[in-house]
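Read through the structures below before going on.
You will see two complexes here that share chain A, one where it goes with chain B and one where it goes with chain C.
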Partner chain A sequence: MSYFLPHDRLESWLDDLERTHRVFAPTAEGRGVVFRRRKPTAESPAAPVCLERRPTESARHVLFPRSEVLLAFRSAHDESGTRVEVFEQEAPAPQVIVGLRACDAKGFAVMDRVYMHGRYADPLYTARRKATVMAVLACVPGNGPDNACFCHWFASGHEEHDAADIVLTPASGGFLIAPVSDKGAEFMESHAGYLEQGNEELENAAAAQRLAAREFLEKHCPAPALSKTETAIMRQFGNSMLWETIGEPCLACGVCTHLCPSCYCFTITDETRGNAGARIRSWDTCLNAGYTLEASGHNPRAAKAQRLKNRIAHKFAYYPALHMGKSSCVGCGKCIRSCPVGVDIRAAVFRVLAADEE
Partner chain B sequence: MNVTGMRPSAADFSVNPFVPYVGTVLDVIEETPAIKTFRVCLDEREAWERFTFIPGQVAQLSIFGVGEATFVINSPPSCRDYLQFSVMRAGEVTNRLHGLSVGDKVGVRGPLGNGFNVEPMKGKNIFFVGGGIGMAPLRTLFLHMLDHRNDFGAISLLYGARSPQDLSYSYELPQWLERADLSVTLTIDREAPDWPHRVGLIPHVLADLAPSPDNAVAIVCGPPIMIRFTVEALQKLGFGPHDIVTTLERRMKCGIGLCGRCNIGTKYVCVDGPVFTLAELQSLPDEL
Partner chain C sequence: MNNTEIMKNVLERASVLLAWGPGHDALHASPLFARKAHDVDKVVMDVRAVQSLAAYLPPLFQSEKEGRIAVLARPCHVRSITALLQEELIPVERLILVVLPCQGKLDMAKVMAACPAAESLDAAFVDGDNLVINADGRQWLLRLETMLSPACVRCPMPELPDAMIPEGCECVRLDGQARRPGEGGYAALDAFMEKTPQERWEFWKQEMSRCIRCYACRNACPMCVCRDHCVASARDPHWLSELDSVTDKLLFQVIHATHLAGRCTGCGECTRACPMGIPVGLLKMQMNKIVEELFGYKAGMDSKATPPLLTFEAIEKNIREKGK
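Then we have the complex of A and B:
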């Protein structure tokens, strides 16, 4: 079952989704394209959705906010002593993310393995993840792959549906919409009001577009032997010359980790005002020197090169070792496009593989 | 801080592992100029009855509004009156913990980590080597083994600190020294007046004591440099990598394997550790 959404009904369809879901969609802001809650009202319509350009950030913050309250507390004193009350977040409302790309959706699949199916489930992420429908926009020539993209290394492309519930493909003056999960099918059944029926001709045209995008990727940036990265990285772990060369230009600013769909490290800090306060979880980055600094002053990753090594090794060696060979890099290219000094994670991988073959 | 839009927490670690149990400080013991021991009980009776652990497991101890830090629970599992934590003053949270008095409220989140694998130690001779604050993780296992004394062979303890004033649990040491079924050796780094025990660095005293590696397990805790030289001394004595057990420290936040910072290669010290055999450490990338 597929649907067709003509371009001129896109905004109305998105507004209609608000009946049942909080809608997050990409919006152009300056040079960026970022995910925002739409929240249209009678007085002020939602900012127009921007599906013509690739988002410049991942949608990770929709399920894993940059900063959020893990718990709040309040203390009361009386003759019998002190009492501390602890509060947790309420269950999240249903929501839908429209217009994230396949690579960003795959980032959630990477997080799911750790945050939902690990030894301890993160209750906040898990609840939001279950309450979220992912409506992926397929990349097609002219609206998608550029020279920094390398999702085909990890099969993050458009025929793979890691974490996606619905796939929208630009076609014939609108979008072909196809549910790819039970959750997506159910969602579409109750939100088909503005849609026309899809047909085989549209489906074939959409598939051809997606294939063309994939062919572009395979031609411009052939994948290395990813099965070898785990061994190569561990064998080259002590090759400090290699890692210093790779990390030399790095500023340790952490922009790569903050834009990454599959980086999920965080820190926890307390804040108080009067007799109440909160324990807050905020995104952190393994490139920050303070990340592993111990109270004694000892720091196991004191050097920048060691910290960049940890980021690359986590994506291409540690995570695959723990999750059946799957890399945690999704090939979205955001770190490459946004690095102020041009660190290219693909080049780093090729360099480690080459060093290991010598 | 506004708690509107939030609900009272059920405080169940198995449901939300970020929420600590509220506890009360029952006792504060000044061990050394830098170390204080806190005895803590959980306020909710049900939570307290559910709270079981194995020796070597840790917990996040917190002051609400200040933050959390990780400490080994150094009371033995058989102790049902309190959980005991020994805190060396080092950073922001530990400084504030040192200001706690009896009756103050704390958060306790746990138990976390793997703890000691006691089963394969049964029937073996056990040699404990503790340096400074490293006695804390040993204490829980040591007392646990005394609770089940017949399950183990000879039990020995070599415990050292810089000076007599730096020995924690000094009030317990006389009774341990007296017991016929224990062999306890104390040492300090430099001569001190009226010190009747050994003088010398732990690895040297260990080499002198020369425990037999036959059917034996050595358990080593202390500062990194002490662990390094003690492990070398044990290897010289013939202890194999599977028979040397130690605990690692790493900066931690979540304690449940999510926040990322305590990894050494694929291992997260908070959930895969803090207890590792030397054999396990040797398989990790060199990033201590």
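Then we have the complex of A and C:
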């Protein structure tokens, strides 16, 4: 079953989704494209959705906020004495993210393995993840792969849809919409009001566009033998000259990790003011000196080269070692596009492989 | 000697030459730490070479491995280096300045707006007054003058005057033609200051709501020398809240701007580095204007001068004290 959404009905369809879901979609702001809650009201319509350009940031913060209050507390006094009141988070409302790209959705698949399974499952992430429908915008030539994209390196190429529920492909003056999970099929059934039926012709046109995008990717940036990177990185782990060369231009800011769809590190901070306080979880970045700073004052990763090494090794070696060989890099290229000094994680991987072959 | 030979020659006297090399595609360049003569063959130093290399100097000079350090610099970068020398953050005797006659540096957002296909380009190069881009089976010619960064539009001296070579510093000049000087002054800032305070506050609230706290603006800044010891990341004392609040983000920008008062050379790196396109440099430009009005001082022009906020006069000419 597929549907067709003509361009001129896109905004109304999105507004209609608000009946049942909170809608998050990319909008153009300043020079960037960022994911925002739409929240249209009678007085002010939502900012127009921007699907023509790749988002600058990932949609990660929708499920894993940059900063969230895990619990808040306050001590209250009355005749009966002093009590401590504790406030926890409420259960999340149903929500849908529209217009994230396949690589962004893959990022959630990477986080799912860490935060939804095993002993350390994270209840807040899990609840939000279950309450979220992912409507992925397929990349097509002219609105998709650029020189920084390399999603085809991973089994998670731009045509695969783990974590996606619905796929929108630009075609013939609108979007072909196809559910790719049960959740997606159910969602579409209750939101087909503004849509027309899809047909085979449209489906073929959409498939051809996606294939063309894949061909562009394969031509401009051939994939290395990724199966070798895990061992190569571990074998080169102590080659400090190599990592220093790779890390030399790095400024140790956090552009790469903050834009990344699959970085999931956080830090916990208790902040208090008077009788009240909060335990806050906020994003951390392995490029920050404080990331590994120990209470003694010792920092095992004092130099930026060691920090950048962690970022690359985590994505291409530690994570795959724990998760059936799957890399946690999804090839979205956001770090490459936005790094102020042009650090290219692909080039770093090639360098490690080359050093390992010598 | 051509420029490549000049640079190779310099490298014989230095352990490293900070330059730019190829970036992730033909439109971009990335800092290159040239240590061997053959590295110099990769140097890119036209309009694509946008980063200031001055930010690398203070930490690099601390490394015991390094001998003399040579650095490729546009005239605006020389001002940052002069400011670092004034504050004795780098040693003049170990520095070799390699100055290029400046053609300006690209504003990538302008290029992308003029030619969206450039993001998947096959080739890009400079031809006379134009940036040529081959993409999508077509060719685009973009007039260089219209593609330059806001800092270049303002820049009063694309050709470094001899008087501005820091005293005691070995300086090598590369061959080439500099572009004509820009408009100088504070036009962009003045236009912004026409807004009411309320409008400006709304502007900053909206812009900073996009801030992701990556601190690229800080780390790309050549004068931000606190590095791993910045107040923004301090846990104890914990100055800035971890809450995702616009006021805390703006508070950091205010700290950054005040810390740079009388030190900022207006290189534009903070604005360029911001991945979210927030024009944080405007805040510093306002500081620069105030410092210029109060003290008649512009940072990084004279290696012998003392930045006004690092010293004091018993009676400041342009500051009227209370009750006087």
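Everything below uses one rule, namely that the second predicted complex is superposed on the first by the 346 of 358 C-alpha atoms of A that agree within 3 Å, B and C clash if a C-alpha of one lies under 4 Å from a C-alpha of the other, contacts with A are read in each partner's own complex, and residues count from 1 in each chain.
Quick note on the criterion: a residue touches a chain if its C-beta (ideal position, glycine included) is under 8 Å from a C-beta of that chain, and two chains touch if they have at least 3 such contacts.
What you see is a predicted model; the values in this text were computed from it and never measured.
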Partner chain(s) touched by A:M116 [first = chain B, second = chain C, both, neither]: neither
Which superposed partner A:A28 touches (first chain B, second chain C, both, neither): neither
First (chain B), second (chain C), both or neither touched by A:G81: first
Touched partner set for A:A192, first chain B, second chain C, both or neither: neither
Touching partner for A:A223 - first (chain B), second (chain C), both, neither: neither
Chain B versus chain C as contact partner of A:V341, first or second or both or neither: second
Dominant contact partner of chain A by residue count, chain C or chain B: B
First (chain B), second (chain C), both or neither touched by A:Q89: first
Contacts of A:S67 with chain B and chain C, given as first, second, both or neither: second
First (chain B), second (chain C), both or neither touched by A:A212: neither
Residues of chain A contacting chain B in one complex and chain C in the other: 69, 267, 269, 271, 278
Chain A contact footprint on chain C (complex, rising order): 23-25, 28-33, 51, 55-56, 109, 116-117, 119-121, 136, 206-207, 210, 212-216, 218-220, 227-228, 233, 235, 238, 241-244, 269, 272-273, 275-278
Chain A to chain B touching residues, read off their complex: 69-75, 81-90, 114-115, 118-120, 122-124, 234, 237-238, 264-274, 276-279, 281, 284, 286, 291-296, 298, 300-301, 306, 310, 313-314, 317-318, 321-322
In the complex, chain A residues that touch chain C: 29-32, 34, 53, 56-57, 65-67, 69, 142, 145-148, 216, 220, 245, 248-249, 251-255, 257-259, 267, 269, 271, 278, 280, 282, 285, 288-290, 336, 338, 340-344, 346-347
In the complex with chain A, residue positions of chain B that touch it: 1-3, 5-11, 15-20, 22, 62, 64-69, 90-92, 94, 103-105, 224, 249-251, 253-254, 256-266, 271, 285-288
